[in-house]
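Presented sequentially are two complexes of chain A, the first with chain B as partner and the second with chain C.
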Partner chain A sequence: MSAAPVAARPAPAAPLLAVRGLKLRFDTRRGVVRALDGVSFEVAPGECVGLVGETGCGKSITARAVMGLVPAPGRIEGGEIRLDGRDLMALPAEEWRAVRGSQVAMIFQEPKRALDPTATVGSQIVEAAMLARRIDRAEAKRLALDTLRQVGLADPERIMRTYAFELSGGMAQRAMIAIAVVGGSRLIIADEPTSSLDVSIQAQILRLLQDLRRRLGSALILITHDLGVAAENCDRIVVMYAGQIVEQAPARELFRAPAHPYTERLLRSLPRPGRDALSPIPGTVPDLIDPAPGCRFANRCERAGPDCAATPAMSEIGRRHFVACYRPVRPT
Partner chain B sequence: MSAATSRPTVEARNLSVRFRARGEAAWPWSKAGEVKAVENVSIAVPRGEMFGVAGESGCGKSTLARALLNLVAPSAGEVRIDGRAVAGMPALELRSSIQMVFQDPYNSLNPRRRVGDIVAESLVVHGRFDDRERAHRTLTMLEKVGLGAQHLERFPHEFSGGQRQRIAIARALILEPQFLVLDEPTSALDVSVQAMVLELIRQLRRDLDLGCIFISHDLNLLGFLTDRLAVMYLGRIVEMGPTKEIFAAPAHPYTVELIAATPSPYEEGREPRQPIEGEIPSNVNPPPGCPFHTRCRKRIGPICDSRLPELRWHEGRAVRCHLYDGPPAESGGAP
Partner chain C sequence: MSAATLPPAGSVLGALKLLAERPSAMFGLAVIASLVVVALLAPWIAPYAADDFTEGVLEPPSWAHLFGIDQIGRDLFSRVILGTRISLRIGLLAVGISLAFGVTLGVLAGYFGGWVDAAIMRVMDVVMALPYVLLAVLIATALGPSLENGIIAIGIVRIPRFARVARAATLATVELPYVEAARCIGASHPRIIAKEILPNILGPLIVYGTLSLGDAILAAAVLSFLGLGAQPPTPEWGALLYEAQKYLTTAAYLSLFPGLFVFVTVLSFNLLGDGLRDMLDPKSRR
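After this line comes the complex of A and B, so read on.
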């Protein structure tokens, strides 16, 4: 679905979103969990960036941080988050709240749980529109109906009166998307938007997200554990492992020539028709309480050496292809 | 029929499972509906084979799995293991020939029991061996799934999802069953952990000559793992045959859509296609005729809306679609 012209777009000078050196910790009874350790990436206007990785890699908490919704006891302890050049972390809570919905919006994994069960879809989307756009109720209602139609819900008048429990998973996710886009945000973050849906419905929702992105010109961060979903939908992909970004590259480049040993091993553990055997990654993800310094993949990496005890910096090894590794995998 | 193969076989013959509908169709004042979970399904899986069942929510794949173990009673048809009906079989005998691994490794292990006891329990229940031999077999089985003596005294919460699924597999195999039913055993696991569990299942299948029925919604996984595949839609098998051939040239329009909708990082330059429209119909009131006609791109006419197609032979597999007019596929046949 990532059409070639989109992938070929040159890197623009001013990113819409710039996350730099983000560090985030959770103080727990067991100790300090270093959930994010210097996460840096950018999203250009209109771009679709995939944030991929396995459970606990920090992809969802990164999204929460951008939304200003880090749950307690999580705490950002360093770095910056800039939206259109504005430092979000410097904003008072009240102003950050104004940013949410009008400039950044989020779509969650389980639509039926993310919607308010006690309010109609209509009241939720009208409220979102009024808050984000500072418009009156009548105008918000017009906009809401129009948006519901745009997300492919036939009979929007009826949908406005329904509650979440009356909708199928696919319809609820469409409603959720309508609520997210009604405010006109230029950045939409979708956190595993299709993981709870069947593949045929997943395909519809992903197509819808791409159509909306093109039509509205918003950028999209697609968080997913499914490398296939990322490959088919994203211009660029950011791979995370244990709270660090290990690699970023244009989608095709990443799958054709993975450079970080983790990315490479992850791809070799994917089942697909015609593959002889899978090659699982030995070992387990490190404990993020007092993790060893340096590359967090080193303890499972067959290429690791003594220098991996110091965190490798991101280096550009190809056009817009970055890897944080001293011994990247060379394409053969 | 399965007589063609002399190997022990687990068979479903014209199996149907229906439930009284709950939810919206079962208000006190409404007529109780019936969920047609599995409709007239016939499969035959010999020992040593890895058989896949694919489909989306509500297609009946999990109910089929449960019916194979007699965990739900069929409304029609029967399940036979090695020629014997499971319906009347004593529970202990049934359990020692077919076992199951469930989807969620966090809920399928008793949190209050130690791993050694969880794995050994079946031996105790079945009164097999003395304590010493049981302890020996439990340890051997744990080692087969990649765990060891140091894990015997631990509780399930001390293990990761992948390790718990290994424990569940050890528990299922301790009685040395001939058949293993796996209901989405890796869908709660990360890709790298899934890879380990899948490789373990493959190895155990070879070593123990297991007949496996692997239920999944993930076509990439089934395409990799299985020898034969049945694709289900709204309770019915719509296509069944050798996995390689189905992937090389899917015949049923639903199989085509399902494979196309499954995202893969390896299909560069694949034409982006319009996803299939509509939602899966209710299996309380399934559409008349072919259950897929409401969403089918290849619908050929009124026949699709009114007459249920039979399973027919087409290029080495059975297909339930009016597009194909081969000879009827014998129920329980081995395409």
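After this line comes the complex of A and C, so read on.
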């Protein structure tokens, strides 16, 4: 980052993460699945961005791409992933590996399965600290104990010696979070971090993530299919559908005035007190093998018209509010 | 069975408790433990040295000579006891060879997949198709028949089996979230293999290794019996059988005792191996 004096009018901060035009494909026996088709978004330092969408829309694979861990047979076809201005995709594998854990870290959906069953929690945190910070074991151990305290685990000395199966889901997720933050990453990606937990624990874990984000000053990408969770926790929300981003806006703006028909339908399908029946979105997500040209939501969209046969471009319709739709929903 | 959960990792006592629920496995373990003690203390247990000559030839079992006396006057009990050490060593060495190469190749194939996997496993298929007796003949022809060459032959033929077990276990493990989590903290491939893969595929390898110990001892006995392994006067069990075969009709006890030891040993390893498999695989616990 440059040390230039801050201009009078605060310029938009240089993004910490910039993903531009990311295309990712899976070569399967049935054909080529275009799992990501031109995904672009940014994350500012310290910002919390929610990545929302249905299962299979590409949110998890976007996270994997940023980590440089696209599972086979997935392959990045084009685009850019820049972290602090550095083009990660141009890095040799070894250098990208060094980025993981020290600059970007990840938290998983099923914490008990994301912990090694044959190693103690302590050894896993110590390992993460040593790899990310190039420090010796004694120092890493001190840091690990300190981090366990920070994630709200009482008696860290004892937790260090436990195995995953001895922890509850909530405790295991706290331990996972400790592993993620111990390296001092400025970007944490949480992939459905609360989906496998009890509702009461979910709130605690989300609060912890917010708390840590503020204290450590790191940015957070919160991947979730739960719009409610995104609304409560994120500064900005990116909505994905069928491998593309359809809308992004500050959280409040998105909920007040959703512009993309998909977002609007998604919000309408949320259960709310006082509403009798849920309103599911008709139809199904299109097949990502040879999808029809044009807007991918068109086949399920009430507002679709002949113009939707051409792919809509992303346009700014409000302050930092972008939508890819020819016939956006107007606020009433 | 009442036990629903595995004992904490690293708890030997817990493992023994689980094993104790299976009498046949405990029997196997007890026999093997005794054989190990016998092997370690063989020179002190055996009343005679392997090539000591005593009074008489081809004497049937008596109190003075529990297993009888062989065709040139050696005490068979002493020879069988001393042979225990040789046979157990054969098992360990042969399985050691199979395990070291098989696990290395299998883990590499399973972990990296793609052409690495294809190349390794095709070679393994070829080795797999090789009967160990044929390989032993080839090695014996090239290097001369000896116990060591027999061990090498037995070790080599079993490499593909261990490679397959290790590969299958690795394939199942690399998919698990904790391996991805390890990648996310910046762990390198060698580190992930050493710290995440190996410790987590140990279960099936221990089971297969135990079952293989019995097989290897049996295979070594067969090679020695055919004259391709241990050479007389080495008191290896198969070599004892080889020497005894000429007297099968006149002095059956010369074949009976070494044969019994081979049988009981192989059976014990199989019982223990089956017990371990049931214990480590919750699905087969009934």
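Of note:
Here is the rule we go by: the second predicted complex is superposed on the first by the 318 of 332 C-alpha atoms of A that agree within 3 Å, B and C clash if a C-alpha of one lies under 4 Å from a C-alpha of the other, contacts with A are read in each partner's own complex, and residues count from 1 in each chain.
Definition applied: contacts are C-beta pairs under 8 Å (C-beta built on N, C-alpha and C of every residue); 3 or more make two chains touch, one makes a residue touch a chain.
Predicted model, so just to flag it, every value in this text is computed and none were measured.
After alignment on the shared chain A, the placement of chain B and chain C results in a side-by-side fit free of clashes.
By the touch criterion stated above, A:Met67 is placed in contact with chain C alone, chain B being left untouched. Of the two partner chains, neither chain B nor chain C is touched by A:Arg330. By the touch criterion defined above, A:Ile179 reaches chain C but does not reach chain B. Chain A has more of its residues touched by B than by the other of chain B and chain C. Across the overlaid pair of complexes, the angle with its corner at the CA centre of chain A and arms to chain B and chain C is 80°, in steps of 10. Look at A:Leu115: by the touch rule set out above, it reaches chain C but stays clear of chain B. By the touch criterion defined above, A:Arg29 reaches neither chain B nor chain C. When the two structures are aligned on the shared chain, A:Ser102 is found in touch with chain C, with no touch to chain B.
In the superposition on chain A, A:Arg319 makes contact with neither chain B nor chain C.
Following the chain A superposition, chain B and chain C show a smallest Cα-Cα distance of 6 angstrom.
In the superposition on chain A, the residues of chain A contacted by chain B and by chain C do not overlap at all.
Chain contact summary for the complex, chain B toward chain A: residues 56-57, 160, 190-196, 198-199, 202, 217-221, 223-225, 243-244, 247, 257-258, 260-268, 270, 272, 274-277, 279-280, 295. Across the complex, chain A meets chain C through its residues 67, 69, 72, 97-102, 105-106, 108-110, 113-119, 127-128, 131-132, 163, 166, 176, 179-180, 183.
Those residues of chain A lying in contact with chain B across their complex are 1, 3, 54-55, 168, 170-171, 198-204, 206-207, 225-233, 252, 255-256, 265-267, 269-275, 277-281, 284.
Across the complex, chain C meets chain A through its residues 8-9, 113-114, 176-178, 180-188, 195-196, 199-200, 202.
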